Amino acid sequence: MVGPAVLELHEINAAYGAIRALRGLSLALGAGEVVALLGPNGAGKTTALRVISGLLRPTHGRVFYKGMEITGRPPAFIARLGLIHCPEGRQLFKNLTVRENLILGGYRLQDPARERQNMEQVLTLFPILKERLHQPAGLLSGGQQQMLAIGRALMADPEVLLLDEPSLGLAPRVVEEVFEALAQLKAQGLTMLIVEQNAEMALGLADRAYVLEAGRVVLADAAARLRENPDLVRIYLGR
Amino acid sequence: MRMSLAHRRWVWALRALLALALLGAGGAVARWGGAYLQRLVILFLINLMLVVSLNLFTGLTGVFSLGHVGFMALGAYTSAILTLPPALKAVNLPDLPAPLSNVTLPFLPALVAGGLVATAVAFLIGIPVLRLSGHFVAVATLGFLIIVRVVLINAEAFTRGTRTFTGVPPATTLGWAALWALLNLYVAMRVKGSALGLQIRAARDDPWGAQGVGVALGRVRLVAFLISAFFTGVAGGLWAHFLTAFSPNAFYFSKTFEIVVMMIVGGMGSISGSVLGTLLVMGSTELLRNLEPGISIGSITLGPLYGLSQIGLAILLMLLIAFRRQGLLGDREWGLEPIAERLGAWWEGRRAERVSLRVRKADP
Amino acid sequence: MQTLGSLEFWIQQGINALGLGSQYALMAVGLAMVFAVMRLINFAHGTVMMAGAYIGWLLLQRGTPFPLVALGMVLGAAALGIAMERVAYRPVRGAPDVALLLNSFAVAVLLENLAILIFSPRSRPFPMPEILTQVLHPGGDLFLPSIHLWALGGALLALTALALFVTRTRLGLAMRAAAENPTAAQLMGIDIGKVTLLAFAIGSAMAGLAVLFWTAHVGTINPGMGFEPVLKAFVACVIGGFGTIPGAVLGGYLLGALEIFLQGILPSGVVGYRDALVYAVLILILLARPGGVLGYLEAERV
């Protein structure tokens, strides 16, 4: 990682009631980096994102965004700072149209001009959304919904984008399309933290990666080196 | 948890003590308590029945019935019509149809009849309504309460409509009230502790899981509903023969609100909690009601303060919901077992001391 | 009265139904908006209406000109709604449905008894200007109480404004988003607290408008006056489609039509049971088609 961290987690503990989900988790993300969070189910990857975006209050530890502490602040406040979370399962507004979902994505900007501009860019990136602009989001296919979710997040001009399981439930070819779009975004300099089950696709995109297990980091390295790491290969890629 | 023989002796000793204390208190009230105190105690016992019955259903099943006072009304009017002597019937209820206008029953059968009418109606509405959940069933049962009220107001031949129903024989004595209240408490406790009670609570806490292990949700809830309705109807009858005059307004929202607050104070699902809840709420409302005509602080007089008791109830409920939704006892019962345990342990401790003293004396 | 079944009869009943339906629709919309954003059935909605009436009455006592009185009723109701949300509902947000319902019950009882304390329980006359209370006779045997026209006009204006707000403005869109998925809405930077407050304010303002017409129709006010309207509003919501604005509006007019229809058709011996029949319909709908006429929202079935 080069330069000061734009997002930092220090010794985060988090729990759901009595169930400890994160134990002393620390990680950092630099400007312009793409970092992947890998690990098996239940490792705490999604929980980490929820702590960052404010959906879950940690029981211990601190979260810093651009040097400012945001631990425990409300999600709407954090989103307005440009730290945008595209959650697991998409969480689209199913009864609202594609267009309305996108407009809502850009809500934090409160700027009709930028909204229009961003919408054009998103529709260029994901042309299929343009065709279905006035349809309710609930009628889209899985892949299209994922694209809408990412597009919606992009509408906010994110400074840091948190992506939770973008490949979830998608056919392999669709996953490739989605990651191609993400590669384009990376080329444009977007800072991203991606939680992924599909370690292969994630490592192909990311600069660095952390591997989580039972709520803490067990491996951290450059993506290229992790791809050759025998432990990772054995445990998570099943080879 | 198997108790040792010693423990069980303690529990029985405590139970006997409690029974004696209650009997003593009851006897004292009957003998020396003034009219005011006796009336208060009878009212307490009737309210207790209403709260315990509601809790038996709502507390155990988690299904909120806002219409229970409707059963109280059914029990009250049914038993009153049945005990009214023929002369009064001719005057007050001239249009009462044939079999009813001639029949006059003694108190006990009339009470039971009232309870049974309530149970029958509960059976009819229970089957469909109990399948709803959450606030929908609460509002559906509210609809039932309103329907009962409208029927009471319109079926003038039976109820005198909005006019006061007078002339009910004052048959409710301290003895009757206590008897029925104790029976109600006993049945409620037994149901809760039984296999049926366990099934009901399982259905409340995890409906899908319960179904998975074979609990017939509908039937189990219905049984609780029917038992609850029966005792609520009987309580209505007791109440009718206590006040001897009433109108449909008595069976509407104020009463419902009052009972709900009592239940929540004690703890939804706790039978012994209902006793405490009823006691506390009645105590505070009586206090507030006495303040309603006006308070004088020094030379300043505040009042009359109508509705102060209702305001008190409302604030209490709001505070409970915000800070202690489970009320006093939550779902648990206040039992004698923990006290027995501690007494037993203390007793063992004393015995061990005495033994060690003797041993030391014998062997210095 | 006109002969049953004649054209005049239907026109008469139609006008009555539209007038009554407009009041119900305005009340129901307020209830629906609050439910949409908070999952709360606000039983205190009726007391908001009652408060609006008393605020109007107080203003009238001071000799305020009527248009300002009307405005005061609407704004006063909105203010009370906001206060209620802040003080009584925000602290218990997220509690189970029944707890929220009971809480709103308690608030309703509290406010009603406060009104009794301050104003005494008896009914007071509320003098309304001639223009609202006059009865027109357009021809034949027709009675056209102008209040029905006012109610209809007022409702159409208010509801159209609301529809435009909700569908065309960003804030209205944010409200719809918050109603559908509060978590996702927060992730977009939408402040759920502000949106909820807005829903309460608008909903209560609608109640304030409804009570204006209601009082003009009835002529008096009393502390318990909000009780029946909130129940009717609830029935309207369920009939039309619970928790949605179009459902509330549709339900309001359907309920008005149902009541007027029953009133006109039922023989005199049975007509007193009209309300019982209406609530029976409510229960039937909850059982058979909980989503109401428009079919949204499945009530949980176990």
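Here the chain labels run A, B and C in written order, and each chain numbers its own residues starting at 1.
Here is the rule we go by: a contact is a pair of C-beta atoms (placed from the backbone, for glycine too) under 8 Å apart; a residue touches a chain by one contact, two chains touch by 3 or more.
Fair warning: this is a prediction, and the values are worked out from it, not measured in the lab.
Asker: Please strip out subunit C, keep the others put, and tell me the connected groups that result.
Answerer: Leaving out subunit C yields the groups A | B.
Asker: Centre of all protein Cα atoms: which chain's centre is nearest to it?
Answerer: Nearest to the common C-alpha centre lies chain C.
Asker: What's the farthest chain from subunit C if centres are computed as the mean of the Cα atoms?
Answerer: Centroid comparison gives A as the farthest chain from subunit C.
Asker: On a C-alpha centroid basis, what's the spacing between subunit A and subunit C, in Å?
Answerer: One centre to the other, that is 44 Å.
Asker: Which integer distance in Å separates the CA centroid of subunit B from that of subunit C?
Answerer: Distance between chain centres, rounded to whole Å: 35 Å.
Asker: Between subunit A and subunit B, what is the gap in Å from one C-alpha centre to the other?
Answerer: The separation of the two C-alpha centroids amounts to 55 Å.
Asker: Report the residues of subunit B in contact with subunit C in the complex, numbered from low to high.
Answerer: Touch residues, subunit B against subunit C: 64, 128-129, 131-136, 138-140, 142-144, 146-147, 150-151, 153-154, 207-208, 217, 253, 257, 260, 264, 305-308, 310-311, 313-315, 317-318, 321-322, 325.
Asker: Quick one: which bits of subunit C touch subunit A in the complex? Just the residue numbers, please.
Answerer: 170, 173-174, 176-177, 180-181, 183-192
Asker: Under the touch definition given earlier, write down the residues of subunit C that touch subunit B in their complex.
Answerer: Subunit C residues touching subunit B: 41, 88, 91-92, 95-103, 105-107, 109-110, 112-114, 116-117, 120-121, 227, 231, 234, 238, 272-273, 275-276, 279-280, 282-283, 286-287, 290, 299-302.
Asker: Considering the complex alone, what residue numbers of subunit A touch subunit C?
Answerer: Those in contact with subunit C are residues 53-55, 74-76, 79-80, 84-85, 87, 91-96, 100, 103-105, 107-108, 110, 152, 156.
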